[in-house]
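Everything below concerns the one structure shown next.
Chain naming follows the written order as A, B and C, and within any one chain the residues start at number 1.
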Amino acid sequence: MLELRDVDAAYGDIRVLSGVTLAVGTGEIVALLGPNGSGKTTLLTSIAGLLRPRGGTIRWEGEDLATVPAHLVVERGLALVPEGRRLFGGMTVEDNLELGAFAPRARRHRAEGFARVYALFPDLRERRRQLVRSLSGGQQQMVAVGRALMTNPRLLMLDEPSLGIAPRLVVSIFAALAEINRAGVGVFLVEQNVQAALTLAHRAYLLESGRIAGQGRAADLLHDPHVRRAYLGPLAVRT
Amino acid sequence: MTAARRERAWAIGILAGLGGLAFLPLVARRDDVLNFVFLILLSITLAQSWNIVAGYAGQVNLGHAAFFGLGALLARSLWIGGTPIVLAMLAGAALATSFALVIGAPAFRLRGAYFAIGTLALGEILRTTVGNVLPEISTLPTATIAGYRLAHRYYLALALAAVSVVTVAALAGSRAGLGMQAIREDEPAAEASGVGALRLKLTALALSTGLAGLAGGLFGYYHISYYPSHAFSPTWTFDALLMTFIGGVGTLHGPVLGAILYIVLKEYLAVRWVDFHLLIFGALFIAIVLLLPGGLVQAATRGRRLFARGEV
Amino acid sequence: MNVLAQQLVLGLLIGGLYGLAAAGLSLVFGVMKVLDVAHGELIMLGGYGAFWLVALFGLDPFAALVLVIPLALVGGGLLYSGLFSFVVRADEETRVKNSLLIGFGLALALHALAVQLWTADERSIVTPYGGAVIMVGELAIPLVRLLSLLLAFLLIGGLHLLLARWRWGKAIRATAEDWQAALLTGIDVRRAYLLAFAIGTALAGAAGTLVSVGYSVSPSIGLEWTLKALIVVVLAGLGSMIGTFVGGLVLGVAEAASAAVFGGPYREVVGLVIFVVVLVVRPRGLFGK
């Protein structure tokens, strides 16, 4: 399980996170909600090891990640699907997925990984020889989730997986996340589509201006007046 | 002392030192002493001119030799043709600056390393072309050699070094200089706050190449004979770069200290170990870039801090 | 007409070496975002290395490649660990600038070292078949240069396969595209940098060997070869090694054509002019994407 305690993070002099404390239990789906610029992406990149927090501790299954380099965080079973997908556009779907299984532990489960990803997203099997660049946004997001799954994670973190994707594909990606979770993989989700996120998640945290402003069971938050006003108001129309 | 006051103190100190050197020809009986100091003075000018674009505007110009070469070429031809040397040097500087302004706008479309390699290529184009058009060695007419006076060259070098120091000192304290430093630190941010980046970079380049052109003219005035393309050799750029970085880029006194150290060490090592001096300079330079990006100046500051802490 | 055709053929032959020289630089620049201006000096060292192997052990120069390449690979690894690993810690803009400065210091030191070790004279490797010429119609094709072109092509093809098929080859390409995303898939990016730099140096060593057989080396050829490689990289863009090879051939032929039109001494200028024009018309363009 993932535990953050009093995490501070900054870019240069600009402080982005202040004293963030949160936890994601084994096999849990937790959503992190908050307005643009509240520090959600920073939080995920800090956990993934791309950014070193200024203070506080990030623990994963009891181990402090402070000195673990990013590529070994993946090896420990924490995978991030980054904002904007960040795929290797000049390579094929298959190569992208294979790179997901680069670390030794993941490589041992390479065959299962491919089977699992192609079962979740049958589209990708047909397009496995295609360059990622030529795929639609939704298909690319499937590759991104697939690549992260190939690392054989115990916790899958996703940064805005529904961004810029056709609604029909958003539905299938969220369905895939539920499916992945049923296999015992935890999900930590940053999402603008609050309705969808709260429907999928067990619990959620609210992040505002770099601080945790609230938390609760997803079902409760979905009916919380503050949440409905601040997060669902304009977005409810979109979904 | 504040940084600005310290810079002013340095400027006064350096100028006083240069003033003192004015008496050297009266004292020194031997030409090799004057030749040696001449070399240092020429190097100070060259390093200081390079420092304007690199240290203040933050652009690594690897084609600096082109401007030195243009100044040398025109000044020497005019001078041999009968023009007074100062006028000839000014004409050389004007040519260098004009060329800089022509290539400046397109060159500054390039950023960072692209500017560096683009200017390097430009310098090489000029060097090769000059080498092709003027393949013959350029030697002074016999009559001129007979009337050759080293002291004239020496005083001109002294004056030029003083001009370069005053130019950089004036620039560093001016609004334009501050704008250049803003560009060096963060160009988009500087532009956003109303600094006209291109205009300032062109100003820096014009000043820098003008000084380089003058230095080139002095070089053409000093040497009895050389291949015209030699004045375009990238060595001039690399020397300026080494001296500036060893001393401390973006400061007034860094290039001066760097030039002195560079020439003294080079001459000393060249006598002792012939070709090893370049090996040593290469290694020294790498060490400075990695460990002391601020050069000798930064080392001195650190040393001072350590010393101050030790005393308390 | 025949003179021109002969010139163009010779241009094509040296163009293959331009391509090989550029491939290493392109790999290092593309993956590490580091501009190694000492690449030409590495080529020069490769040339002298081969020269030594030939002189000491009486090896055939082409066979010497079998030793030069692994030696250069190790040398490149050391150079990365000792110098460039410090450069890649900075953000990308500082990285490019610092690498330029470091490369410059390195070039200076290697040049001085070569002068010490081998004097400033030009040298080339002499082989029993060095004077052999293949006649195609009225065109004379020097055998060693033809072999060099073929070997350059084979090496580039090998590199292409390495990057396309090998696990770490794919990791290197992934790192070039997006190093943070590469980290997120579990790739040790530092290791990818090390490999890219070592392979780039090995290519430089191979290029140097071929240069010393068909042409000549001296301690001062570094800058010239760095510029040739840079020109090709700018012409061909990053990402495709085959494209880089073709870019090298284009430069070789363009130089030969211009030498035929404007006279021999101007052959150097043409490449540089192409380079400056391409850079200015597409600033960062051909480099970036």
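Everything that follows uses one rule, which is that a contact is a pair of C-beta atoms (placed from the backbone, for glycine too) under 8 Å apart; a residue touches a chain by one contact, two chains touch by 3 or more.
As the structure is a prediction and not an experimental result, all values here were calculated from the model.
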Contact distance in steps, from chain A to chain B: 2
Chain pair with the greatest number of C-beta contact pairs: B-C
Centroid-based (C-alpha) most distant chain relative to chain A: B
Nearest-to-centre chain - CA centroid comparison: C
Distance from the mean Cα position of chain B to that of chain A, given in whole angstrom: 54
Whole-Å separation of chain centres (CA-atom averages), chain B against chain C: 32
Computed distance of Cα centres, chain C from chain A, in Å: 42
Touching residues on chain B, where the partner in the complex is chain C: 60, 106-107, 109-114, 116-118, 120-122, 124-125, 128-129, 131-132, 234, 238, 241-242, 245, 275-279, 281-286, 289-290
Chain A partner contacts - residues on chain C that touch it in the complex: 167, 170-171, 173-174, 177-178, 180-189, 239
Residues of chain C that touch chain B when the two form their complex: 35, 37, 83, 86, 93, 96-102, 104-113, 115-116, 223, 227, 230-231, 263, 265-266, 268-269, 272-273, 275-276, 279-280, 283-284, 287
Complex interface listing, chain A residues touching chain C: 48-50, 69-72, 74-75, 79-80, 82, 86-91, 95, 98-100, 102-103, 106, 147-148, 150-151
